[in-house]
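Here chain A shows up in two complexes: once beside chain B, once beside chain C.
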Partner chain A sequence: MAFRINMNSTYKYILVLFVAISLWQQTTAQTQEYVIKAVFIERFARFIEWPITSKVSDTEKPFIIGVVGINPFGSELEKLYKNQTIKNKSVIIIYILDYKQIERCDMIYISKSEQTKVPLILEYCQNKPIITISDIEKSLEMGVHIAMGMQQNKVVFAINDKAFEKSQCKVDYRLKQYATQLQ
Partner chain B sequence: MTKHIVSIKTKLRRLMLLLVAIELVISLSLHLITDIGKVQNRLQSQSILYAELLSEYCIAPMTFNDSAAVYDIIKKVEVIPKLLAVAVYTNTEELITLYSKDSLIVIPRKGIENTNNSGIFSKYFTKTQTIVYNNIQLGIICLYVSKQEIKESIINDIRWSFFVSIIIAIVGIILIEIFQRKISNPIIDLLETIKTISSTKNFNIRTQSNTNDEIGVLAEKFNEFIEQIQKKQAAEIIAKQEIENLNKELEERVKQRTLQLEQSNKDLESFAYSVSHDLRAPIRHIDGFTKMLESKLPEKNEQIQHYIDKIHESSKNMQNLISDLLSYSRIGRQELQMDMIHIQSVIEEIIETYQQDTQDRSIEWIIHNIPKIYGDIRLIRLAFENLISNAIKYTSKKEHAIIEIGCNITPETIEIFIQDNGVGFDQTFADKLFGVFQRLHSDKDFQGTGIGLANVKRIIQRHGGSVRAEGKENEGATFYVTFPKKKK
Partner chain C sequence: MLLLIDGIQINELNSGGFYGGAQYNLDNVERIEIVYGPASVVYGTNAVSGVVNIITKKPVTSQGLDVHAHTGTFNTKKIQTGYGYYNAQQDVGVRVSAQKKYTEKGNFGGSQGLFNWSDSVYNFENDISVDAKITYKSLTFGTNYLQKQSSVNLYYRTVGTAFKEGESLWNIGFLNSYITYDIKPTAKTIFTHNTYYRNTTLYPNTIAYITDTAQLRCFRPNYLIGTELIGKQQITDNLKCINGIALEHENLAKTYGETWSNSSEETPPRPPKPPLLQNYSANAFVQFSYTIFDQLEFTAGNRFDYNSSYKFVYTPNGSIMFHANRYNIKLLYMEAFRAPKPWDYNWGVGNSHLQPEEIHSLELNSNFSITPHLLFETSVYKNRMYNMLVKNKTNTAWTNADTINLIGIETELQYLRKVYQAYINYTYTYFYDKPDNRIEEIAPHTCNAGITFTPNSYITATIRCNYISEKLNANSLYPIIDDALICNTKISFNSQQNIQWFVDVRNIFNTEYYHSSNRNVTAYRQPQRTILLGLTWHLE
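== the complex of A and B ==
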């Protein structure tokens, strides 16, 4: 019996270990994905032009990236933008709990946790020079500017031209060329 | 040594072929240089364009560090034949990705190959281009551009130039033939005309070259020149004929005159001979009958005797004159019997004959050695008798007469002189001495017929010689007789 008990315990441990490893792998993969996505946010900014009237043109103000919903980046964004500039401006990361704060941002990332609230969030951004980025499925159809996703273990993105037109921001054709059509 | 002649035709042909060859070489060289330059420039500008385009396309993938996307972009150059390979490097020149159509090209993984200034015949050259976006250098792209196009261009140029060369050479040869005919044919025609005139001496021939250039002018002037020669030649022929006619006429006239003169001389000599001969008998009769009349005179009457003496003297003079005239006449008609004469002996014999007549006179004879002469001894003796008798006669009034006979010898002649210290004569009248009946002294002073020296001149002239006299009144005279030496 004891053996059985032991055997059961062993299986449990193995199962726990397996689950733990799987979780660790998943977490690691996810972390890696979001590191890339964090980098992508800055790279997108390189190809985007905000209207002259926007505060991005004001060199004295920092460039503000807002994370709406649960932060999937961990501390990657802070690490990344500690010494990194966007449009020659220092970068501040803010984590938005109150959607009203969205207006402060030049760029926002809508986390997967906000999947049901995307239209609401986008309303806050409507007709404002705020670039919305999300990796929520079908977010592009919902109206975000740039939607990111994974294809064959590779981070890919798609661009919503209409959203850009509405926000008066211009996206470089090179980025459009490189962007993929998300499935 | 025969002079090697190269015709103008050949020279022109050579010159023109040389010009065509030079033109072809120059045009081919220029064409090649220009074309190589153009192709190189075109390749350069195309490679710049390709590099810029590729770098442009690579901006976004490079921004997102997407080497697979970069490869997808550079792989598109597979449709561009002149791009052999493309490599994309990081800013630190580490290879990100590459695409190569030519496995022989070795693409370094670290460091970019720079063969931008490689030679014409190398396989490729490289063109590097930085991938820059918003002043941020994202990487470096390196293109390997084939130089096959330059080689093909050179081959095409050579083919084309060869083809054009053949056409130009053919056209050139045809043009050369046409032009050289236009240039050389008139010259050849002119030359042939000159040769014909030179060989045939026919100045009626004219060259037919009538081109409107320098050769045409030359031909025209040549024809004019030949015409002038022809006219001059015609004039010379006419003049020559006139001279020949005049000469013939003159010769004829001289011949006629000579004949007339000879006939007149013969007639005169014949007349003189007849008259002299016929006069001798009456004179002899007058003298004879006067002697008979003198002997028949009954008594001596001084006046009658004086008249008779005058008749005798006149008769004697007349006889001497007739005798001399007969001699003169004979000298002209007598055939010469030529031989070598010991003239010195002849002279001494003549002097000897006069010794008796001059024994009461003081005469000093100086006789030098005289060589033999060639002549007729009868006539030579007669001549020297006259000269020596003259010397004796014209020194008769000198108390002491000196008569010198000698000779001067030259390579061609022997000149014998007879010099005396007699009465001499006025040199002005020296020429008259040798004329018939010409006398410089009166008969009263010195008797004579005036035929002696004329006889001397005639004899010496018949021997081919000459006579002359030098004299001074009351100082003497010298007579020179010159004989030609006998030719051996």
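== the complex of A and C ==
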């Protein structure tokens, strides 16, 4: 089954995501935006299924997250994935300056520094099961899978169904329930 | 031009001018940030025509071992190696990188160099660059060292003059070391405290020139220590602020320590340390940005500088920016200054009345996404430069010159696709001191174009061309420097994921082109066709 979901662990992750969002709502003043965004990126991966033909299904290979452009996370992603796995695979973070490296990734975050290059970056992901995430304004309209933004001091996200269809990846409906419309 | 490495100035301390000769370790660069135009409000003195900030690789983002090497014509050789380690558990990391490069650049003998030098003249550049960075949480200790050794044979015309070619050496080192850390009192406020040490020393084995009867050996030490606190605050959703204060103390050589020998063959003894001039400075700046409707942003800033040499300088700026879906328009008013150094006040018979050079600039900039892959940018600006430093009529001291004006137009078109990436840009500049007196020592027309072709994930081919129009030369023996078209190409091949081979051909048509000269050299011949073969290797 290409898209079989482990319900027990899924509910656990939904709960964690919900708690993370709730905690964020309560502790906005103390918490940094990109610490929360790093947590969100990690949670998104739990609710996405890659096609069985993709390298994500190869348990021998690590799960690769690419940060394209200037890294706004500091060391947060590294700390987060030191002991965490995605799809039971170890996680490698790569910091991409040469766009050809994008093709190595399973998931990329497009930094705000690449604002004028989003269409070009998406071309590198075309017809490949690479999930694209960004917090660049209007990035959802440009074609990324998941766009993050800030609304009333909270991190929110929106999902681009068309982009998911094209990449043959599937997003769990429970993640969609928490998605919002970015203004 | 202000050149920074990891936010710390590396401009030569005596002159404050940008020293472009030392070969920086470009394989250890994470990114290069460029601020176009005058930017003294945030960056202070020397940020006159722009700011180039080289950000070196960090341990967290550049782990593993990397090696870059190339070899080629004119005895060119380069080797660079770097290693980064990061421990996420402890949030501690270290990265070191070192590069050595040697080149003889080109053939400048006889007719190849406008008969400035003999057929046997030789030239070399030997560059060493070392970077080290240790991080622990937000604390970073960094050091960058550049050393340039080059022959001085091409600094002076030797044919028909008293200057001789020989074992001359220009040996200069640039050392920057810094400790920086962040303080975050609230989620919307961050302060960065930075303490730094800069050293620019012309080492005492420098042989500045050789004449028929003597050699001149020089020594010029300079150092500076400074501390700065930069704050960034998000005051409301629409209003943000950047501000800072800094204190600096510098010790600059009043003149060269010099020793002479009694023949062109004899090396002079080690020069004495020259007297050092002390200089203190303090500055404070604040710049606010206010956003209306997410699309309209106003920025206004002020800076106050006090210096024990030139006293007070006040620098304002302001801008209005309009962002829309596919286009941005900016109207900017910017000022900048370059402070005279004690060196300038004391050169020759001295001039204690020197004022800082100033530039006031008004610029209208717009960029437009014609399609998602086609970008067009244009900029129109008028600059007025006041108090420019020039030598007086008797060539005995620096003095402030009249106002110089510049009108400039720049346009660029970029086409960005995965397989093809192309750009073309054109710049027109009109320099004048009086309405009817054009200054033609700056080429009025320059044009650059390039294309990168990536047919698959193994091969990348790039060709870049640069056109410079005719301009005047200060040297009356060669009063006009002809226009020139210079093209470079590079083809790289990824044999494995982490190994890349490349062939780099610079000046592929072997164009004869020159830079202007303010020495007794007729004009400076620039390098001929150079072919380099190299590889890069990265082990994660």
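We take it that the second predicted complex is superposed on the first by the 152 of 183 C-alpha atoms of A that agree within 3 Å, B and C clash if a C-alpha of one lies under 4 Å from a C-alpha of the other, contacts with A are read in each partner's own complex, and residues count from 1 in each chain.
Everything below uses one rule, namely that a contact is a pair of C-beta atoms (placed from the backbone, for glycine too) under 8 Å apart; a residue touches a chain by one contact, two chains touch by 3 or more.
All of these numbers come straight from a predicted model, not from anything done at the bench.
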| item | value |
| --- | --- |
| Overlay on chain A: chain C relative to chain B, clash or fit | fit |
| Partner chain in contact with A:95 - chain B first, chain C second, else both or neither | second |
| Which superposed partner A:117 touches (first chain B, second chain C, both, neither) | second |
| Touched partner set for A:40, first chain B, second chain C, both or neither | first |
| When both partners are placed on the shared chain, which of chain B and chain C touches more of chain A | C |
| Partner chain in contact with A:70 - chain B first, chain C second, else both or neither | second |
| Superposition-derived minimum Cα distance between chain C and chain B (Å) | 19 |
| Chain A - residues contacting chain B, complex | 40, 43, 46-47, 174-175, 177-178 |
| Chain A-facing residues of chain B, complex | 56-57, 59-61, 63-64, 66, 69, 133-134, 136 |
| Complex contact set, residues of chain A against chain C | 28-32, 67, 70-71, 74-75, 78-79, 81-82, 92, 95, 97, 99-100, 103-104, 116-120, 123-124, 126, 138, 142 |
| Chain A-facing residues of chain C, complex | 30-31, 60-62, 86, 88-89, 91, 93, 184, 186-187, 325, 367, 369, 372-373, 375, 416-418, 421, 454, 457, 460, 494, 497, 540 |
